[in-house]
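This is the structure, below, for whatever I ask next.
Per-chain numbering from 1; labels A, B, C and D assigned in written order.
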Amino acid sequence: MAKFKFAEAIRAALDDEMAADDSVVLMGEEVGALGGVFTVTKDLIDKYGPDRVMDSPISEGALAGFAAGAATEGVRPVVEIMFSDFVMLAMDQLINFAAKIHYMSNGQFSVPMVVRLPGGAGTNHGPQHSQSLESWFAQTPGLVVAMPSTPSDAYWMMRESIRLDDPVMFFENKNLYFRLAEEIDPTEGFRGLGAAVRREGADVTIVSAGRMVGMSLEAADMLAQDGYSCEVIDMRYLWPLDLDTVARSLEKTSKLAVVYEAVEYGGWGSEIASWAAAEHFMDLDGPVTRVGSHRVPIPVGVPLEEAVVPTPASIHQSVLELAKY
Amino acid sequence: MSTTPQQLLELYRLMVLTRSVETAIERAHRAGRIAGSFHSSLGQESCAAGVCAALRPSDVVTSNHRGHGHALSKGVSAAAVIAELYKRTHGTSGGRGASMHLHDRASGFYGETAIVAGGVPWAAGVAWAKKRTGSDDIAVSFGGDGAFANGTFAETIRLAKFWEAPCLFVCENNGWAHSMPVERIFGPPGSITEVVRAMGVRAECVDGRDVAAVYEATQELVTHVRGGQPAFLECVVYRVRAHSINDADYRYRGKTDGADWLDSNDPIAAVRHKLDELMAGHAAAVDDDVTRIVAEAVARAEAGQSPTPEDAFKTVYASEGLEWHGQVQVR
Amino acid sequence: MAKFKFAEAIRAALDDEMAADDSVVLMGEEVGALGGVFTVTKDLIDKYGPDRVMDSPISEGALAGFAAGAATEGVRPVVEIMFSDFVMLAMDQLINFAAKIHYMSNGQFSVPMVVRLPGGAGTNHGPQHSQSLESWFAQTPGLVVAMPSTPSDAYWMMRESIRLDDPVMFFENKNLYFRLAEEIDPTEGFRGLGAAVRREGADVTIVSAGRMVGMSLEAADMLAQDGYSCEVIDMRYLWPLDLDTVARSLEKTSKLAVVYEAVEYGGWGSEIASWAAAEHFMDLDGPVTRVGSHRVPIPVGVPLEEAVVPTPASIHQSVLELAKY
Amino acid sequence: MSTTPQQLLELYRLMVLTRSVETAIERAHRAGRIAGSFHSSLGQESCAAGVCAALRPSDVVTSNHRGHGHALSKGVSAAAVIAELYKRTHGTSGGRGASMHLHDRASGFYGETAIVAGGVPWAAGVAWAKKRTGSDDIAVSFGGDGAFANGTFAETIRLAKFWEAPCLFVCENNGWAHSMPVERIFGPPGSITEVVRAMGVRAECVDGRDVAAVYEATQELVTHVRGGQPAFLECVVYRVRAHSINDADYRYRGKTDGADWLDSNDPIAAVRHKLDELMAGHAAAVDDDVTRIVAEAVARAEAGQSPTPEDAFKTVYASEGLEWHGQVQVR
């Protein structure tokens, strides 16, 4: 079976969905002739032509509205926002229109659109190209928020997202694009909006998503050395949240750590932490632990970025404290 | 293209219908039967009527906060419009949207939006989507002069040109964006048209007091747009009423400015005069018809049902499995 | 002493700061000739002229950037975004520029700007005019977030916000504008970014802000009837968070409820809930309780809105459960 | 206004300085000494030089992602620019911004921005703020052709006109917005200028290959702007290098397109030729000077200090009491 890097896996998903359904189109800056600044849409314009792989002027706001508008008429656009930071120019159309029109129109219109959002720190791109904005969208009614951590998931979750009838904010971590390749079994099937247990363990449940899953697994390795066994859960979707999977894990471990790259303050991990502190109050054997980014802009330079966002070391340290509790 | 008497009568009907519906809503508001905002298009019904009369049922319209005329002229029933303002379940949006949130897909009236210029890209996207299926249906977005200050408007025009979306952008220049006189931002009527022309898009400016002129100008542009390119129409009208029903417009213009303008410029009065010459009695019959329809619509709205608290949780998501949820969906 | 409604108190604060400092200017749609759609800036144009009370075209994005730019040059703009929902058109300039330029420039520029954001449900304005977006900004480094609940606080917090050297997102709840008037003692002084204990109690700590403070106090009255004594804390600022005041209260009560109008999922209340579940894990005698808005758009119509946002009744119900725990 | 030989020499110096600094950065990048992005202005140095030479030190410039030439031409030292790209503490932004984040208030170079069109309203706001203190200093924003597609650009021009901000908006039309040819969006050179003119703002278009022409055109517009009104200058140049250092531009244009253009259009070569005729030896002396300055700057950057992890937490807030904080500030 062929192996796919993360970026290639997304491309394969786009390719397969475009082949299967003529209503799937790609729109965004540099998605066509260049094939995407992260190569995700490479060569697709040759295969599907400029009417389906559409290079856009630098007009994120109108683009988002145009795509959402087309979606109400049955098109399934996949819009690339080159860096997720630029989505701020499209917030009005995404939140005030795309996320709400199904509701506002009493169900007359729906917006089957995917917005691809390369995000996260770690690539030396500076404060305006490195944010993790997923928490904003996870809070917003009307949106689905996807955040894959592996090539297979990226593939299946993209295909699934394209087929949903609601706007999906699809967060792709830039650091993952060219990581280790993975086989994708095309017969394996859709993920079904659920979480995945990436590693089984009995002492602490670590919940994370996206790039933080790999770091959490590294931290779990270190914790194993310390004599603690961690269960690592990959949420995959930040909305809807598959809390059943977390609950099952907590039954075993009674200790919860949530690891996320977004700003710790009120991020999506706070939702899970708060939920656990409410719904599993009696079961918890240790403080609910969050490891998120500090509430500062993302600087450039590896040592500075690492001081701001979670790392295997900082995850290890926080979870070890919890494990020992 | 010149307007036939029969066509003129239809334009008259659309205008009178809008005026009558809006007058009824205004009355209900003042009587405390309706709460919320309400933006009257009194005196500028000609723009909605003239443009929509040049469209097909399968063409699509998006609108702004001042959209009752657009909806009614595109064929949405008076009953559904009035009921929505009353927040009734038989309103266009199930009574859950009310003012600024009329939507009626079946009439091709995709809807109002409460965000200035918010509906402009929607129309362009729909137009493009329709074209891609081989249809020569078009979409029309209605926006005000104020909306042109929102950068999204220009972005969308450029995008529509680039991607060849058959969209007609109508700019209803009614002299005001709330308390801001349009001249202060854009200059005299026609200035916005010049900007759009400089963008390489066909653009015309028409005197909106003359509904037949609006109709004819639109027909020409629609032909162009069906050919697969966007176009722009500035329609110069005047906002007779305050910006919204509770707006203290006396703070920024003369108390009688609106009424004075209407006295000598009412687009309905002008047509009525002509029709009575051309085909005596027809216009009066239209009046009667409209009066009856609106009275019935008000009665139905008054007697209508309100949505229940549970309805607040409906149609948040369209996808199977996500249709209903509380606050956090647990699988 | 004169009495001021909430809207009048803000106007008085603007007036006093404009009188004291020529660099304070107002910018926004309808702030001049009309005096604001909520009358907050009424008559100020007559006093300070159109060069300091500046009516803007409907260009929220450029307006925010223009004002922030002027702020880097020593102006202290107070920008009105007529309804906080429209701020989505200004996110790029606010978040990518105003909130970050002090950091990005290594301290060379600062943005002493206040953005006034009338928000919240309850006024029949529908899904695009009723959102509570404060959680987004509370998460964002570089911003201060203010949310007064009383006329006196509105007055002092506005004056304090104008004097801060950072961008302040000032959330004004539309329902409060014309509520009961209150005396403002001009000698009373600045609030100092801290929280206020609005009601003392021993059984449960209720933390809230803005419009929810009044509702929490109503719920506390009802709980007193039930035999429970609640301490009600008004956070005033969502960033920085005065957690010391909450901690002191928790020492007494050991039970925490957080009440907020923003979407419950990951809202600012989740930050306080998560913090308590981590830092006060051992002290808590009951599940950490949150009462926020359901994750649905805000419909119009009182009964529907009340089903979506917290009410005294729903707060009472949740807190009673906690009190009984 | 015609350019004197002495002025031409200064324009030459600014262009050579920019080319030399960017060449050094490019080399350091390829050698793995610098990580991150880098957008070269090779071949279009004339725009930055010609515009900035017409400004005062107390005038202000904001810039975009391709701003090394803007910074250097406004008087930022080569040492500070190169050090910032190296992420050194003696860089313009303390080494914490790097590429696309040059800021030097002392030189009136307020800064780059990594958001396309992000710096445009900044300049307008600064210009207005300066005017309000009675100064006749102005501000200039540099943006690309692509930036004009961002609605914020047009919004800002309109706002600057309305509030009479003395701001010069420079649009560097370099033929490309990354992989998008400018003609596909806007039409031939000068088209953007026409749109701005239609907005009622004075706008000129100049051949950017001729640095003296840029300088002279700017001087004229600057006089107008100092009078208290905005203006616009489209400067037609060409992007010789790939969009950024890692851009696969061969995917969307011929491999030698950039080099070919430079061969026959290099704005530096043209001036050099003229200067050697006018004042032999002077240009060569400038070359030597620049070479030495840049070599020293590189050496200092190579030997410079990097910020520490603690520095990541500095200058998040400016207000007293908020300057430092961890993630949640507890009073």
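In this section, a residue touches a chain if its C-beta (ideal position, glycine included) is under 8 Å from a C-beta of that chain, and two chains touch if they have at least 3 such contacts.
Just so we're on the same page, UniProt names per chain: A, C = Alpha-ketoacid dehydrogenase subunit beta.
Just so you know, these numbers come straight off a predicted model, no measurement behind them.
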When contacts are scored as defined above, which chain pair ends up with more C-beta pairs, A-D or A-B? A-B
Suppose chain centres are the mean of their C-alpha atoms. Which chain sits farthest from chain A? B
Can you work out the whole-Å distance between the CA centroids of chain B and chain D? 45
Taking each chain's centre as its mean C-alpha position, how far apart are chain A and chain D in Å? 35
Find the geometric centre of each of chain A and chain B from their Cα atoms only, then give the gap between the two centres in Å, rounded to an integer. 39
Distance between chain A and chain C based on Cα centroids, please, to the nearest Å. 30
Where chain D touches two or more other chains at once, the residues are 96-97, 101, 113, 115, 118, 149-152, 155, 158, 162, 185, 316, 325, 328
Touching two or more other chains - residue numbers and ranges from chain A: 57, 59, 61-62, 85-86, 89, 92, 96, 103-104, 126-128, 141-142, 239, 263, 265, 271, 294-297, 299
List the residues on chain B that touch chain D in their complex, please. 149-155, 158, 162, 184-185, 187, 191, 194-195, 197-200
Please name which positions on chain B make contact with chain A in the complex. 62, 92-94, 96-97, 101, 103-105, 110-111, 113, 115, 118, 120-126, 128-130, 132-133, 151-152, 155-156, 158-160, 162-163, 165, 314-322, 325, 328-331
Note which residues of chain A are touching chain C in the complex, please. 61, 85-86, 88-89, 91-92, 95-96, 99-100, 103-104, 126-128, 135-136, 138-142, 239, 262-263, 265-271, 273-274, 276-279, 281-282, 284, 286-290, 294-297, 299
Residue numbers on chain D that touch chain A, as the complex places them: 35-37, 87, 95-101, 113-118, 146-147, 149-152, 177-180, 185, 247-248, 251-252, 306-313, 316, 325-328
Which residues, counting only chain C, touch chain D once they are in their complex? 51, 54, 56-57, 59, 61-75, 92-93, 96-97, 101-112, 141-142, 144, 164-166, 193-194, 239-244, 271, 275
